[in-house]
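Chain naming follows the written order as A, B, C and D, and within any one chain the residues start at number 1.
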Amino acid sequence: MAQKNYSDANSALEGLLFDGMTIAAGGFGLCGIPENLIAAIRDSGVKDLTVYSNNAGVDEFGLGVLLQTKQVKKMVSSYVGENAEFMRQYLSGELELEFNPQGTLAERMRAGGAGIPGFYTKTGVGTLVAEGKEEKDFDGETYIMERGIVADLAIVKAWKSDEHGNLLYRKTARNFNPLAATCGKVTVAEVEEIVPLGSLNPDNIHTPSIYVQRFVQGEHEKRIEQRTIREA
Amino acid sequence: MAQKNYSDANSALEGLLFDGMTIAAGGFGLCGIPENLIAAIRDSGVKDLTVYSNNAGVDEFGLGVLLQTKQVKKMVSSYVGENAEFMRQYLSGELELEFNPQGTLAERMRAGGAGIPGFYTKTGVGTLVAEGKEEKDFDGETYIMERGIVADLAIVKAWKSDEHGNLLYRKTARNFNPLAATCGKVTVAEVEEIVPLGSLNPDNIHTPSIYVQRFVQGEHEKRIEQRTIREA
Amino acid sequence: MPWDRNQMAARAAQELEDGTYVNLGIGIPTLVSNYIPEGVDVTLQSENGMLGMGPFPTEDEIDADLINAGKQTITELDRTSYFNSADSFAMIRGGHIALSILGAMEVSETGDLANWMIPGRLVKGMGGAMDLVAGVKRVVIIMDHTNKAGETKLLKACTLPLTGKAVVDRVISNLGVFDIAEGGLKVVELADGVTMDEVREKTDATLVE
Amino acid sequence: MPWDRNQMAARAAQELEDGTYVNLGIGIPTLVSNYIPEGVDVTLQSENGMLGMGPFPTEDEIDADLINAGKQTITELDRTSYFNSADSFAMIRGGHIALSILGAMEVSETGDLANWMIPGRLVKGMGGAMDLVAGVKRVVIIMDHTNKAGETKLLKACTLPLTGKAVVDRVISNLGVFDIAEGGLKVVELADGVTMDEVREKTDATLVE
């Protein structure tokens, strides 16, 4: 069996990083983000990155750290609301930002991973998002064409991996992770736990091992953005 | 909570059938087919059906029964190999048949359910399948456009449903079922077992209840086409 | 007297139909779940990948892996299912969600909606809003009738970049309920004590009876 | 002597690379799994929705819910995962499968493949074959060099409706191994005792050295 299990995040990324590369990252806000791989990318010093990710973390956590170090040239995201440095770099022109509607970004990753170079959606018709995109009418309604994304590298965070790289996610920490996993030319997963072969139910695998070239177990801080509670 | 649970297949289809309608059906060969709903459609006498299904069963089982009763006007399928009556009706011109590559058919169902009216694929380029379809080049390669499918009714077979209509499938009986479920204007599921709310793990639901308008528990013969064994 | 946030949310809760699947946006729309009428069973979708969203957790129940689209900690129910973001927006884009209730910066009399950016000043991003308004069957907006500067948010035409064109079905403002109708905004009801004169004064959009 | 079915399958098994994901077609290609070399670990995909296909079951293990793309009963392994047909073909179309080994009716010297119908006579359908040849990185064909009437199946141009255009990388026939190359078919190796004269006689396609 090919060895996919790496001892730490730095070695899991060894040989995969280069300036100007594209990276697809899983996560929604700070939920389900590949914390350890992001830190390893920061430490590597690789620059001029184009990053496909729904958000860019907050200022000092998540992908926000790569914005602070200015390793990111361009973000493709749907939301920047919780990240002051992101908004500042964008408004000042230091950072290129391509806004994608959240569902369009998710579908673009899925399409790229599925060998679909383009698809049509109603989302964004008549808005800034439609500018420069091909329009086409189907059954009397107008749609725009969006392109599939294939990234040089995908980094994802899962809950468990078996020794073959079959991944499980937990609750809403799933989000973009399975989609990013499919659209990377190489996909590296960080997980909370590595479990023996045969201990996962084959009916319930979220990301089949074919999409995972390397994985590494990591420590996860799992920071919470909005701690909202009700009285017990 | 809206009542989705019906006592038998006939009542589960009540008010949903009409001549000339389109039906998307799950199943691969005889594996994971909605046996009871197919029988109820046969009994209803509804005719001039257009059926989207990877196969059409065998002569006397699965969708084959609707071919024998001549209730089907048109099939959209990838394979007719195990069905002599199907092949006969097609070669004699009694039955209209649109061949779709298996992956294209699956993706067309998913696209229709996902609000995607068209997508591009390399599959079928330069073959009969490409005839009459729009071609487009992406990054120097030629692709053809395929359309999403939305059917008047989807019939699917699942293993378990909870009382809200969350579905689980078992092993390779999953196949086209989750996709058909998404592309029906109305979706009716037949299941082997109905389980109480809360007894399924929410991380492992295959078809969320939003896609299931009605469900019914049925008896399943589960006929096997190719019984192949090795020595113990 | 104009409605406050909770009264607007309570009025919006009357839009909910039994047995349906609903998406509630961030802000006031989130409050709607506090006012779901007795006997009405709705399943709430959270576009980050969940059907069957439960209430906020107690301190003990907090789980960093379980948040809603507003990044708030939440809980699950016995009907809950989780899925990935592409599957979540397949539901939304594919028209499987019956109703979405969202906030807005501006709404036009033809149902155009602007709620994601103010050029040069404020950029949050559209998140899932463009997908929701394009895909969900019925779109209801909850917003104050005027902005902080006292200017109307119900316009003949939006001035801000759009989230969607001709996508809004109904607006619930602090002054009343308004439908996008042939020729303009149709007044469906007014908050107690609010007069048509006040509405006219605070509305730029064409009002039709 | 020309290879028999099992010898062809054994030769094809040498195409398998350690650690890769592979799809084997119906018929002779299925036999390849009996000859996987020692030390080579491959994961077999079955396009009806499974990665990690195991051997045929014993009588006791037969499960109607567990079949391969040829509708044969099979078993699972400790690495197995199941998924739906769209996800299965996303893998295939997206280029994630390293190798597909398929049967054929005809192959042309430019790598065109025909294996799904004979107009007016035999219609099986393409099943997943068109997706496989369009999406999988490397396509290897196993077939007899000639058909039952003794006519060559390696042609300058296919006469039957195509499954894919310029998609075949290598053909393993009962006479030897042939690569689609610049200018025609390149002879990679011959079965023991098979001569180039015999190959030339039974091949319509251009042969290049």
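By definition in this document, contacts are C-beta pairs under 8 Å (C-beta built on N, C-alpha and C of every residue); 3 or more make two chains touch, one makes a residue touch a chain.
Just so it is clear, the structure is predicted and the values come from calculations on it, not from any experiment.
Across B-D and B-C, it is B-D that has more C-beta pairs touching.
Chain centres here are means of the Cα atoms, and by that rule the chain farthest away from chain D is C. Between the CA-based centres of chain A and chain B the separation comes to 32 Å, rounded to the whole angstrom. Centroid to centroid, with C-alpha atoms defining each point, chain B and chain D lie 27 Å apart. In terms of their C-alpha centroids, the spacing between chain B and chain C amounts to 35 Å. Our note on geometry: chain C versus chain D, Cα centroid distance of 54 Å, whole angstroms.
Among the residues of chain A, those in touch with two or more other chains are 107, 110, 114-116, 121-122, 169-171, 174, 202-203, 206.
Residue positions of chain D touching 2 or more other chains, listed in rising order: 76, 82-83, 89-90, 92-93, 134-135. In this structure, the chains touch in the following pairs: A-B, A-C, A-D, B-C, B-D. Listed in rising order, the residues of chain B touching chain C in the complex are 1-2, 110, 112-116, 162, 164, 166, 182, 197-198, 202-203, 205, 208-211. Chain C meets chain B in the complex at residues 18-19, 21, 41, 43, 45, 51-52, 76, 78-83, 89-97, 134-135. Per the touch definition, chain C reaches chain A in the complex via residues 46-50, 55-60, 62-68, 70-74, 76, 82-86, 88-90, 92-93, 112, 120, 123-131, 134-135, 161-166. The touching residues of chain A, when paired with chain B in their complex, are 107, 111, 114-122, 136, 138-139, 141, 143, 147, 168-171, 174, 201-204, 206. Put simply, chain B touches chain D in their complex at residues 28-32, 54, 77-82, 87, 90-91, 99, 101-107, 109-110, 121-129, 159, 169-179, 206, 222-232.
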